[in-house]
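Below: a set of structures, written as structure tokens.
In the two complexes that follow, chain A is the common piece, with chain B as its partner first and chain C second.
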Partner chain A sequence: MAAGTAAAGVCLLSDKAAALVSSPVKTNILRPPGAVPEEIFPAKCIRCGRCVEVCPYESIVPPDIRKGIYAGTPLIDVKKIPCYLCMKCVQVCPTGTLTRISQQETRMGLAVIDKHSCVTWNEELALCRTCYNVCPFKEKAIKLDQLRPVVIEEFCTGCGLCTHGCPVNRKDGNKAINIEPIYAFKPVRW
Partner chain B sequence: MPGKQPKKTFYNRIRLLSLTSAFILILAVPFLNRYCHFSFIQGWYQSLSIGHLWFVSPLEGLESILTSRKLYGPLLVGMIGPVLLALLLGRVFCSWICPISFLSEIMDRLIRLLTGKKFRKPGIAMPRRMLWFALMGEVMLAMVIGAPVFVFLSPPGLVGREIMMATLFHTLAIEGVIVIIVLLLHLFSRRLFCRHLCPLGALIAVLGMARRLKIRKDKEACIDCGLCKRACPLSLDPAKDESLSAYCWNCGECVDACKPKALGYTWSSSRPKG
Partner chain C sequence: MGLSRREFLKRTAALTAASYVGMNLPISMEGEAQATDADSWHPGTCRLCGSGCRLELGVKDGRAVALRGISKSRTNFGYLCMKGMLFYKLMGDNHPDRLKKPLYRARKDQPFKEISWDEALDIAAREFANAVKKHGNDSVAYYGSGQALTEETYIFQKVMRGGLRTNNVEGNPRLCMASAVGGYITSFGADEPIGSYDNFERASCFFIIGSNTAEAHPVLFRRIMRRKMDHRDTVKVINADPRISPTSRIADLDLVFEPGTDLALLNAMAHVIVNEKLYDQDFINNYSTFRKGKDKKQVSFEEYRKFLEDYTPEKVAQLCRGNMTAEKIRTAARWFATSEGTMSIWTMGINQRIRGVWANNLIHNLHILTGQLCRPGADSFSLTGQPNACGGVREGGGLCHILPAHRLVKKDKLRHQVEKLWGIPEGRIPPKPGYHTVAMFEAVNQGKIKAIWINCTSPAQSLPNCDKYKKGMARDDVFMVVSDIFPTRTTELANLILPTAFIFEKTGVYGCTERRSQLTRKAVNAPGEAKPEVWMVREWALRLSRELNDPVIKKCVEPFMGKEPDYELPRSIWMEYTQKLTKGRDNDLSGATYEVLAKLPDGVQWPAPTEAFALKGGTDIKFVRGIDPLADKHAQNEMPYQFYGPAHPDRKLWIWLRPQKGPAEMPDEEYPFYLSTGRIIDHWHTSSMTGRVMELVRANPYAFVEINPKDAEKLGIKPNDMVEVVSRRGRNVLPAKVYVGPCEGMVFVYWHDMAEDRMINRVTKDAFDPGSKEPEFKICACRIKKVSGPKPLKPFIVEMS
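After this line comes the complex of A and B, so read on.
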């Protein structure tokens, strides 16, 4: 009994410890534009907060020590405030953690439409085109296929404007169109 | 050379002015950035930019390079200024700019006002070498866990981060307690963190080992009164030439305290031995 409790305690502790060294980047929680892969991000970023200070929309928020070694690194919760791609943060990063790239080159993630939740994909007469309308690369990154939105992977920057605008709130807290950080976990080229 | 200061507390006043303006700078900058969209000056003492002139704290930069194993031009260029400052003047960042120093100074002055005592006892005495072990241990730890540890736990950086968090998001980060702990340690034992534990101070001290600006003693004028030792916030003894060692941070407390004016700042144009 006591041994079981102790083992459970150790498991809980190791889970907590693992959470301190695992990346906070996940669906809709993204890095600013130009970020190096997550493998190297916490090593390179010196947490100087200049991207946070310069962001005019307060999109970039630094987490505190509860995120372990990722404390103070810049994160964007696109459901709250998306990235408007003003590209100011990439110009001030002193360590090259945010590499200097253009708007079009930005790949914060990829917008993925949940066709089971999206009203336009589900209902015949629904004409919601919010994601299509708010997309900064309209007709390139999001197109309409028989009045239904389709994401074109090649051009999607992952800025999250579509997620922010989407009126559907799924039970798990996400939207009908979500940004998956598929580029954040690619391996580092040395 | 000594004997030139007309007023009694000369360097202390300038230093307090310098510390205060350095603190006001990091206090005002997030506010200006947030409410006036003024981004000409940005950041705090981890990375500070004035227009296109960028500074990066040497330890933060070094850790970033060591843990990421990548060199980045702007980072190296940003480190040149602080490194040159340390090479020529020694640990002056600690005593003349650091926000922790500012807060400690203010505390010192309050304590002086309350107790009426001019100098506080140094409190706990630990071997001075601990400073080097703090630096080595910290760099090792950063390499092991693969993230620059000092950057999110450094007290001087945290002061800046907390000011920014308060201005931008009207909240505070939990790790700010480290600042409070450091200040409590200071209350308990004078400048305990700066003296023994600060890795940034240690790195600047290493760089400043052969610094040009040093506090030297005039052997004839010194009367061995021991005032300088009591005044020194790092509990060094300038009368025993300890102000020439790597540990001295050129704050000038001893110069001001010296009654016979035997101590003074000197600039050596040739690199001294040792």
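After this line comes the complex of A and C, so read on.
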């Protein structure tokens, strides 16, 4: 079975070609706050780079031409530099690709704790609660249940501060708490 | 050796987790690969806070590769916090920043150049000798640390006092627990807590005041939390603090008060206890007296009752503001008095006050009144911040007014005892105590001290109002020796930097909060030419003896001559200290030899006068007959408790009449906010160590200022905005965290950051307690203003230029 073959058989793409048209958004690689769904993002974003320019933390980095139709669109790799929710990018976006939302409304993704690699969850060993400490909405988005962190889906903005801070590095390159872009692939209602 | 299945699973899990933590750097990748198959594991004590967690260092091919907790240890039961799990990254050749060669410069504007140990020790001896010759014995000083091993503090102070004939021996514990020492001595007649950590599992009420245990002592907090979670309805937790902290999360009752109203609050609780007759009349009659004023005048219960009339809960609730109500004070006092065992816990919030000793007394008062002492779960327990502040400095004679084993310098009899035990001429140790910390650095500023040796601490960052004292340290006529493992803000001001061995690179004992002494043996080699301090002092003293033509200095180190520095030398110092100096004293450690300490998974709690007794772990509750051998030895009657503490000849506990006293600096029109400082879980003290562990830095790259949302709104400050914090002494610019932590009208800043702009001790005030001489770090007045929007900041650590 060749990977990259569309299951329905509508069209056939090579792996390389598939990479050019499939979204780079994945675990810990996210869109800035207020981003419209991935389905329409590359069409709406005009690659003006204003969000990249305005970000004081240099969190937003546009991918290069190897990302095909997504080249030049804004991405945040939260493992490198997370989003500090200063909300400057949403103010400067000229096209509404990043909609003007507030800090609390931001949903870049959802933090998910891997209980098998988290040192606090994994048997009773070490007492780490970095994710809780660095969360901008601590006690709301992350709570501690008997010193173990628990994410509250309702309030998590997916900013990635927890992922960035997490001291655990799994063998697959991710952390013990990762941001899953669960909102980015919602189907768009036309 | 048999292993239960559960034990096996636990160990496997420990290894897996250890291997996950810290794999981001190539150097740690190697560490990870080796963690699971370390050649050997070496028991020792955590280098960081005062909890005294026992852990094992995994060594592979001579290199430190992992740390894990020891589950049989009664301090931590195998748990570690992230700092404790990661500090192996600073050992041996694991960290490139380690100081590896002695560095010297004649003038402080010159660059450092590498020199040999011979040259370095010659220079140090010559400069100290010259200062003594030209300016007298009190022109030299030693400023040590609650992180130095007991052997190190002991030999340093022996050479300074017996050899150089000065009591200018101080240490950073003056900044953290001097008030607790004063409190224990004035209330109980003997320093250090009566009980142990095992009260955490037996207490039914916790009264936590002025301590963010959850961040500053996370492993101990776990024990408190466990106790609370297992007995949700029967165990009560009261947390009293001007700031809602992570510790508040387990509290049944949160008493938020304005900074500096703590003494009134404690008196108000006593008021409730007395008026509602919740006290233990028998305990008061049998074991206590009431005292007042400087002359320690004995007064009656009636007078105490009258004194408390000023502190009605209604009146005090108004003074305390925050969320305080009279009913809350009453509830707290009732829980405190009526629980089956109440344990009070406090740290710097109480100690770092202009009346820190009084605040300590007032906590002890509550325990004496209600008889909440000497029983399981009942204790008045001060937590210590540094791993060896108790063992090394309090007991080893590391402060200007005390000699080893709780002897006061000014008592002729005790001073002569020490001279005799050391075999030096009587009258060799001067009768006058030396400079206390603030006075010492004031003397440096004034040029009265010409040569100072700073060991294992960074006063240029940790002193309050540090800019003022940096000026003195930067003087060219003040010769500064700094011995440390990493460059710090203080090495920047040194003439001579001596690279020292880190824990597990040398052998010695740490004594933690609960009177427990624990041995750590050398397991890996120190990097480059770094040496243990005990070796340095011995060699330096021999040179001093030659320079000053004074054989007594040599005599001070004679018992330690010819010993190899990694084990035999510290062992001989420990033997002299325990067998000669502590024998017959209240901290009798003569049973706790290296051999005994090595046999136990955790260590020995003094008093432990014999080896057989020490092998059982020592004394877990002082003063109780049948438990404490000294209580039996000193018993004068049939009573179950014998308060034999050396400071109280009447053998009673003293209930003190201490009035409310506000902070040294109150907010006013110009500086309308209270500023308080504290610690964050990921970093420790000046972050010279934790700031060099990548995982911890990433978790908390820089300090910030916590502002109450209501204040932030008034001032138009948004999260992460850059905010200026200004006091009469200095200015910081830090990112803001808007958060219901500090109460309204107060801001809170973490003090670990080394960056000039974020070093909060440039802003704090250096007023100090007239009794304990401990500065009031916790309260001063400041104003805050937004200076810009968010800015990307980089973590900062001092590097060798």
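The definition used in the following text is that the second predicted complex is superposed on the first by the 175 of 190 C-alpha atoms of A that agree within 3 Å, B and C clash if a C-alpha of one lies under 4 Å from a C-alpha of the other, contacts with A are read in each partner's own complex, and residues count from 1 in each chain.
Here is the rule we use: a residue touches a chain if its C-beta (ideal position, glycine included) is under 8 Å from a C-beta of that chain, and two chains touch if they have at least 3 such contacts.
Computed from a prediction, not measured in an experiment: that's the story for all the values here.
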So, A:13: does it touch chain B (first), chain C (second), both, or neither? neither
Touched partner set for A:71, first chain B, second chain C, both or neither: first
Which superposed partner A:43 touches (first chain B, second chain C, both, neither): first
Name the contact category of A:182: first (chain B only), second (chain C only), both, or neither. neither
Touched partner set for A:58, first chain B, second chain C, both or neither: both
What is the contact status of A:152 with respect to chain B (first) and chain C (second): first, second, both, or neither? neither
Partner chain in contact with A:133 - chain B first, chain C second, else both or neither: second
Please write out, lowest number first, the residues of chain A touched by both chain B and chain C across the two complexes. 56, 58, 88
Where on chain A is chain C touching in the complex? 56-58, 84-86, 88, 103, 117, 119, 122-130, 133-134, 136, 138, 144, 146-147, 164-170, 176
Within their complex, state which residues of chain C touch chain A. 9-10, 13-14, 16-17, 20-24, 69, 78-82, 84-86, 218-219, 222, 225, 229, 246, 249, 680-682, 695-696, 698-700, 719-720, 739, 789-792
Enumerate the contact residues on chain A facing chain B in the complex. 21, 40, 42-50, 52-54, 56, 58, 61-62, 64-66, 69-72, 88, 92, 94-96, 190
What residues on chain B touch chain A, complex-wise? 29-30, 33-34, 37, 39, 42-44, 46-47, 49, 54, 56-57, 60-61, 63-64, 67-70, 72, 74-75, 78, 145-149, 151-152, 157, 160-161, 164-165, 168-169, 173-175
